[in-house]
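Each structure below is given as structure tokens.
First chain A sits with chain B, and in the next complex the same chain sits with chain C.
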Partner chain A sequence: MAALLEIENLKVEFDTWDGRVRVLDGVSLAVNAGETLGIVGESGCGKSMTALAIMGLVPKPAGHVTGGSVRFDGEDLLKAAESRLREVRGHRIAMIFQEPMTSLNPVFTIGDQIAETARLHLGLTAAQARSRTIEMLKAVHIPEAERRIDEYPHQFSGGMRQRVMIAMALVCEPQVLIADEPTTALDVTVQAQIFDLLQELRDTRGTAIVLITHDMGAIAEMADRVVVMYAGRKAEEGPVEAILGQPAHPYTRGLLACRPQLQLGKGAVRKALQEIPGVVPPLHLLGKGCAFAERCPHVTARCRDERPPETGAGTGHLASCWLLDTTSDAPKGRQAA
Partner chain B sequence: MAETEARGPWREAWSVFKRNYAALVGLGILALVLTTAIAGPWIYPVDPFDIVGAPKTPPGTDADAVLGTDYLGRDMLAGLVRGGRPTLMVGFFAAMIATVIGITMGALGGYYGGKVDALLGRITEFFQVLPALLFAMVLVMLFTPSLVTVTFAIGFVAWTSMARLTRAEFLRIKQLEYVRAARAIGSSNGRIIWGVILPNALPPIIVAATLATGTAILFEAGLSFLGLSDPNMMSWGMMIGSNRNYLREMWWAVTFPGVCIFLTVLAISLVGDGLNDAFNPRLRTR
Partner chain C sequence: MSQPLLEVADLRVHFPLKKRSVFSAPQTVRAVDGVSFSVRHGSTFGIVGESGSGKTTTALAVMRLLDITAGKVRLAGEAFSEFQGEQLRSARHRVQMIFQDPYSSLNPRMRAGAIVREPMQRMNIGTESERADRVRGLFGQVGLRPDQAQLFPHQFSGGQRQRIGIARALATKPELVVCDEPVSALDVAIQAQILNLLGALQREYGLTYLLISHDLGVVQYLCDEIAVMYLGRIVEYSTREALFEDPLHPYTWALLSAVPRMGRRRRGAPTEGASRMRLEGDPPSPINPPPGCRFSARCPFAESRCHAEEPALREIRTGQRVACHLVRDDGTAPHRPPLL
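Moving on, here comes the complex of A and B:
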């Protein structure tokens, strides 16, 4: 069965002062209705670029999509006309952004902004759009929706603004919701509320969610499946239990080890926080081998010369690493556990 | 459109503006000038081209012409009362033309960037390096001097700074998250330019447009002084221009219209400054 949103072998390049740089290199992933796919990785690994490429919003003129396909409901969005993309954006595929403080237009009321989307895509009259907007504000649990609909963004707190953004994204009942670090700018308690809200909406409406984050905690809480990205490439992909429980790629293991542990009391030792040595290499300096080779504790000569293929079969747990035995069914990390 | 929909921020700006006494004084003078320009001809129905007394009558000596007469014996007060209307009209409409051209050039260049920006930028620079008054004179002389040609000529030479300002605002605002968000909900380019970015770029543009009105009035006065104005319309600049040869004998004939122009432009500047403070939250703490 074809997935609702299927990205295959996506390649995006950017013109920079150092020449043309490949920021996405053969990324493939898929999301089904009612499923949450987590995309994790460090800053600059291509998470947000993947989201923008899905929406057809790769910044021009510097960025170019040079290959692959983005199939949504069977239609290749990369080949679609701009006018078709405008119909899809906000209507079928919606997006919420990292910064709720700046993602709303300060000179219009939040009601106007949510209603704008509804009128644009659903052809509602002003009155219909308004009642639909109130309905949405209630759905995202904004108290006194009838009054607050006429307020301006600066009258809302960060968490409330993110709710407004979610209401705006969901007003046309999109099939896919891309959440680009939706809680990074928010308090921990508010984060939990936003995640609850997203889960509720996914369960009641069957929306497919693509959750982009660098927070493994958010992944553990929200995601059904996870894609780990590194330097514009997919490092590992699999069900959330497998990724968190038996990570196969050294980079995923590194990411998990970096998390601070919340254990106090008897027997708890405060260990120094682990880190992955080095930084993501500049993309134009990537060699022909594995992108993670320079920082990997298990690096071999082969890693520097040849790019590892995706390994693992059947279970949906895939990783790109030479350490994994290419003849076995599952990645090595899984067996080792 | 934005003014009515975006009541909140605008109302807030007004409350700041209200506390600025200089700006309120400016607004008061401007209101007085506007009222005179609109209602004056009914209140003081003397034709400024009629000869009402002896030429070069000093002010306060003739009850029929309290502010005296010019070199032909025409009533000074009638001229001042009637002269406001063409002056303000030229100033206002020329500033509007300049603003419309400037916003369009700046918005398109700033938003689309690349070749569009390069082309529009070159055009803007071309107009910018032309000596403005000379260019306006040429335009007015090419066509017959009339209120309309003078207005267009001034509007045509005065838009470049507006274009640069708008372009800069667009370059800044188009990077902001809410513009990305607008694109992500499927808004078209036109909708983003006029409906999303422009309302946010308006405050500095309004300030600049206000100040441009003052500049346009000075331009009009300058053109009239040089004799390039509608000969059938008594304007303040024209009064100065036609009496300039008799400056040493009759100070009043140039001083009164000069003071009118000065006060009007000053009032507009004060209002512009007040608007600038009102729209610029960073300056509010002064």
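Moving on, here comes the complex of A and C:
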């Protein structure tokens, strides 16, 4: 069965002062209905660009999609006309952004902004759209929805604004919801509320969620499957248990070890944090080998010269690294000497 | 028992609000309202809380960068909060700060070396050549090359900029270093570098840190003692071991259970959901806060007493204090969910 949303070998390039750089280099991923796919990585690794490419929103004229396909329900969105994309965007595939403060228009009431989407895509009358909006505000647990529908964004707190964004994204009951760092600007208690809400929507409506984040803790709680990205390439992909339990790629292991994890109960120990040395290299300076080679603790000559293929089979756990044991089915991190 | 480096007693910072009309009653934001704690030499004291809890205001008041409404701040036994004029200016080198955002806290027109040298110049520390030596030394200590002192901030990455900020804070050999969310603006993979650097510098030079953070993982990693703040007051004050082993205040439970963690899957068994404690809504405004316990409006266990009477911070066991009516003297509390 084909996945609901399937990206294959996607390539996106940008014109910069340093020449043309490839910001997405052969990215493939898939999401099924009712599933949460987490995309994780540092800034500049191509997470958000993947989301924009799905939505057909790669910035122009600097950006160019130079290859691959984005198949949604069997239709290649990269080949679709702009008018068709406009029907899909916001209706079938919706997106919520990191900054709930700046993603809402300050001069319209939140009711107007949500109703606009409903009227445009669903062809509802003003009155229908209003009742639909109230219904959505209730669905995202905004208290006193009938009153608050006529308020302006500045009258809402950060968490409430993110709920409004989610209500707006969900008003047309999209099949795919792309959440780009939806809780980064929020307090941890509010983040927990938003995660509960996303979970509830996925379970009750079967929405497929693409969750973009840099927080492995969020991945652990929310995602069913995970894609780890580095420098515009996919480093590793697999079920969340495999990624967290048996990470194969040195970059994934680095991401897991570099954040202090909260430990509760007795016997919490302070271990020195493992660092990933250096920073993500500028994309125009990437060599022909593995993108992570410069920062990898296990780097070999082959890593610098040849790009590693994606290996692993059967279990859906894949990784691109020369150091993997390629003889077994699932990739295992070989302990380099 | 030696004297603590920093003692804060009943600190209050209130901001008067602009009146809406000449007839309306004056309103005050009670950003910090009666906070007391002390920090030992060479230790790290953490203040955690949501936005608006008053943690940054506390730090700025301790540094004398905000007017203190009431209360005392003592630095190595001296009445730092009473210092005025030249006495205050000449004592400023003793407390320095590492800021959250390494992009906006460095002057883009100054070279990195000049940024690190500036506090010494302002406070007339050392001769020109001593300062130059110190800048070179500091660059080495924070993991930058001395020749990078010639570069401008935009030529550094975020993590390197934070290293410059750390070098600048250490330039005057401060007794107390206030770190306000030192890693939250940095990329995940870079945070470990900075946290390890802060730990190494503390071990090597016996630095004392006052750490402000909303990230409980970071707090657990760096701090020896921790105060949990809510709406301008400390609700729990405890050693690191006690706070993460047996948190007492319902707000602390809620904060801890909200943190996404490895090894706890959200989907699946409903019993997992039962162990989570969810707070409704957002923190209320610190303008004329509710009577009684400030957390009572969001506390799922609040009783009538909680809404009427403000609980005092009391010691439950050595090294652990809590301000909650529901916690009994032996540390047990009704309805407490198990922490997983």
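What we mean here is this: the second predicted complex is superposed on the first by the 325 of 337 C-alpha atoms of A that agree within 3 Å, B and C clash if a C-alpha of one lies under 4 Å from a C-alpha of the other, contacts with A are read in each partner's own complex, and residues count from 1 in each chain.
As a convention for this text, a residue touches a chain if its C-beta (ideal position, glycine included) is under 8 Å from a C-beta of that chain, and two chains touch if they have at least 3 such contacts.
These figures come from a predicted structure and were not determined experimentally.
**Q** Look at where chain B and chain C land on chain A after superposing the complexes, then choose clash or fit.
**A** fit
**Q** Who wins on chain A residues touched, chain B or chain C?
**A** C
**Q** Give one of first, second, both or neither to describe whether A:117 is in contact with chain B, with chain C, with both, or with none.
**A** first
**Q** Looking at A:196 after the superposition, I want to know if it touches chain B, chain C, both of them or none. Which is it: first, second, both, neither?
**A** A:196: touches chain C, not chain B.
**Q** Just checking: does A:23 make contact with chain B only, chain C only, both, or neither of them? Give me first, second, both or neither.
**A** neither
**Q** Scan A:54 for contacts with chain B and chain C and give back first, second, both or neither.
**A** neither
**Q** With the two structures laid over each other on chain A, which partner does A:139 touch: chain B (first), chain C (second), both, or neither?
**A** Neither chain B nor chain C is touched by A:139.
**Q** Considering only touches as defined above, state whether A:272 meets chain B (first), chain C (second), both or neither.
**A** After superposition on chain A, A:272 lies in contact with chain C alone.
**Q** If you stack the two complexes on chain A, which partner ends up touching A:106: first (chain B), second (chain C), both, or neither?
**A** In the superposed model, A:106 contacts chain B only, not chain C.
**Q** Using the touch definition from the top, say if A:165 reaches chain B (first), chain C (second), both or neither.
**A** In the superposition, A:165 contacts chain B only.
**Q** Which angle, as a multiple of 10 degrees, do chain B and chain C span at the CA centre of chain A?
**A** 80
**Q** Minimum Cα separation, chain B versus chain C, post-superposition (Å)?
**A** Comparing every C-alpha of chain B with every C-alpha of chain C, the smallest gap is 11 Å.
**Q** Across the two complexes, find the residues of chain A that touch chain B and also touch chain C.
**A** Dual-contact residues (chain A): none.
**Q** Show which residues of chain A lie in contact with chain C when the two form their complex.
**A** Per the touch definition, chain A meets chain C at residues 42-43, 157-160, 187-193, 195-196, 199, 203, 214-218, 220-222, 224, 240, 244, 254-266, 268, 270, 272-277, 279.
**Q** Going by the contact rule set out above, which residues of chain B touch chain A in the complex?
**A** Interface residues on chain B, with respect to chain A: 2, 5-6, 8-9, 113-114, 176-178, 180-188, 196, 199-200.
**Q** Any idea which chain C residues touch chain A in the complex?
**A** For chain C paired with chain A, touching residues are 50-51, 157, 159, 187-193, 195-196, 199, 214-218, 220-221, 241, 244-245, 254-267, 276, 278-279, 282, 339-340.
**Q** In the complex formed with chain B, which residues of chain A make contact?
**A** 55, 57, 61, 85-91, 94-95, 97-99, 102-109, 112, 116-117, 120-121, 151-152, 165, 168-169
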